[in-house]
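Below are the structure tokens for one structure; questions will follow.
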């Protein structure tokens, strides 16, 4: 499955570029605001990424989960911590989130720092 | 499309096993609780599976719909009854559920007891 | 709390009447279709009301829950069966449905056939 | 019911002021962006308000519906047009939106330009 | 990506036919009602398609977005107007809609009238 | 507004007691599991409460927001940190969450540790 994360990244980047180039100022501002949201503020970057991951999971958005899993790995969360966060989402969001939790586990195999085995 | 249900089953089983083996007690308990929910209680197993199907449809989760369609077939619901249940979901959930109802019809072609033709 | 169900009924009836009298044919047809959905078909009326209750609970609509609780009582479901159905909704929909399950329990105090004590 | 719209307005204004004064730059920017979204662009203000109304209805947010009903009245939509838009939301969102459509009708009694009778 | 829209159309048509032929009168009526919803009424067809697009986007249904993008192109909305409508959906529905907005941009490449370049 | 939090607490406690006493083992287990979810694990209690708050906000559940605001105050989050978390929810969930963010600000006036003024 390793290259699937690569596919996601390439398509995401390509389409984001198309959106930012489309000339709509409002979209451009929203994308900038979205980016700034996860920058350090009263909360640090690391904490905010975990909030983004849980929000994405209860709202059941696989692409958003993938993005925040990668960021969670980059900001230093461990696999056990990420699983504990996914469990909060699972209990809040119910069994309807299970397919997304399953896909999150599959995705973690591709995310440095979140793989199940010793790295 | 027949092997697609097989694919779903294999991936689901494989990832469920990975989740149950990950060492998080809360997730393990949630999965057990989810399983117990559909066991006979004040309501029988058959009725509960139909409730699960309708809940999955209004919440628009294709994997959950697939799972409960299979269980609906196994617990003895007929194709006409399942369609009548999907219709409740369609009216409650609106036209936004139509793509999921379409995929439910496609999936039923693979589910013993729910196929359109004489079996 | 008994008169609160009465308030709900009066307001609901009054506004439904206003909607049906507003002259929009599409709305009129939707209301008719919604009504027909719970009439006996491949599934009987009683089963469909329970489907409506669970759909309303996972979608977290208190007014819809109230309506279907009343109908569940009228079509002969017992308190234990209704609670078992609410439990399916709770597990599918997660802890975010708990406030609605709480209000469902409060509402059942007013619904003949679903009250906690011997009637 | 006339003063209820007044209550909504006062509380909304008071709390918006509190949020904008809280010192969080991200929230301030989001509120500004939200405001700009409905300003004339490729689409005019009037069209966008109707889009906001339908989005609010399918997402089942009564306060948002109230806000956009007022704006729909101010930008010149007629009662019949607003009802036709609510009907799109009703069919897309299903019967679960009915309680919100009912409250939209109740609210329209207070909105200049959208009242049922000759004004 | 051009043939993907063709695939969507073929599968959609094939399954809609199967649903309409399944003998459930309620579903048949819902599909008819859904169709009538976008016919000219107090609002014209063109306006209603844009309402359908925004409703589909905030409810995050890719198939519904595809359908309404095609209809938006057919009823004469320009690319700039469609993007302005998607921006309303983005701000109302939040960053969780971004993957769907991305896919809407990808889809517009296949929709006559909504392509990015001079046609 | 001070006593409104008290009202929420009393009703919540009373109805939780009624649910736990209703004799349904599944509900009892779900409530226990929900409680355990926020106990220290790979993540500490404090972090999990913030995850619960953001999940509740994007899912737009006022009662759940109130509960987690109280717990956020108890576990030591400051007002500025809670506002930063609400901002993540606002951007992820979009303007449809604004009424809930407004009510969260109103509620914080009653929560020790989260009030706007010097305490």
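In order of appearance the chains are A, B, C, D, E and F, and numbering begins at 1 in each one.
Everything that follows uses one rule, which is that contacts are C-beta pairs under 8 Å (C-beta built on N, C-alpha and C of every residue); 3 or more make two chains touch, one makes a residue touch a chain.
Quantities reported herein were computed from a predicted structural model and do not represent experimental measurements.
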| item | value |
| --- | --- |
| Interface sides of chain A and chain C: same vs different residues, half threshold | same |
| Counterpart interface for E-F, drawn from C-D, A-C or C-E and sharing over half of its contact pairs | A-C |
| Chain separated most widely from chain C, comparing mean CA positions | A |
| Angular offset of chain A relative to chain E [C-alpha, multiple of 5 degrees] | 120 |
| Distance from chain F to chain B - Cα centre to Cα centre, in angstrom | 32 |
| Between chain B and chain D, centroid-to-centroid distance (C-alpha), Å | 37 |
| Chain A and chain B, separation of their C-alpha mean positions in angstrom | 27 |
| Numbers and ranges of chain D residues touching at least 2 other chains | 24, 26, 30, 33-34, 37, 41-42, 55-56, 58-59, 64, 80, 83-84, 87, 90-93, 95-96 |
| Graph class of chain-chain contacts, one of line, ring, star, complete, other | complete |
| Chain F contact footprint on chain B (complex, rising order) | 24, 26, 29-30, 33, 36-37, 41-42 |
| Residues of chain A defined as touching chain E within the complex | 11-12, 15-16, 18-19, 22-24, 26-27, 30, 34, 37, 55-56, 59, 61, 63-64 |
| Of chain D, residues touching chain E in the complex | 33-34, 37-38, 41-43, 47-48, 50-52, 54-56, 58-59, 64, 78, 80-81, 83-85, 87-89, 91-93 |
| Touching residues (chain side chain F, partner chain E) in the complex | 58, 90-97 |
| Contact footprint of chain F on chain C as seen in their complex | 60, 80, 83-84, 86-87, 90-91, 95-96, 98-99, 101-103, 105-106, 116 |
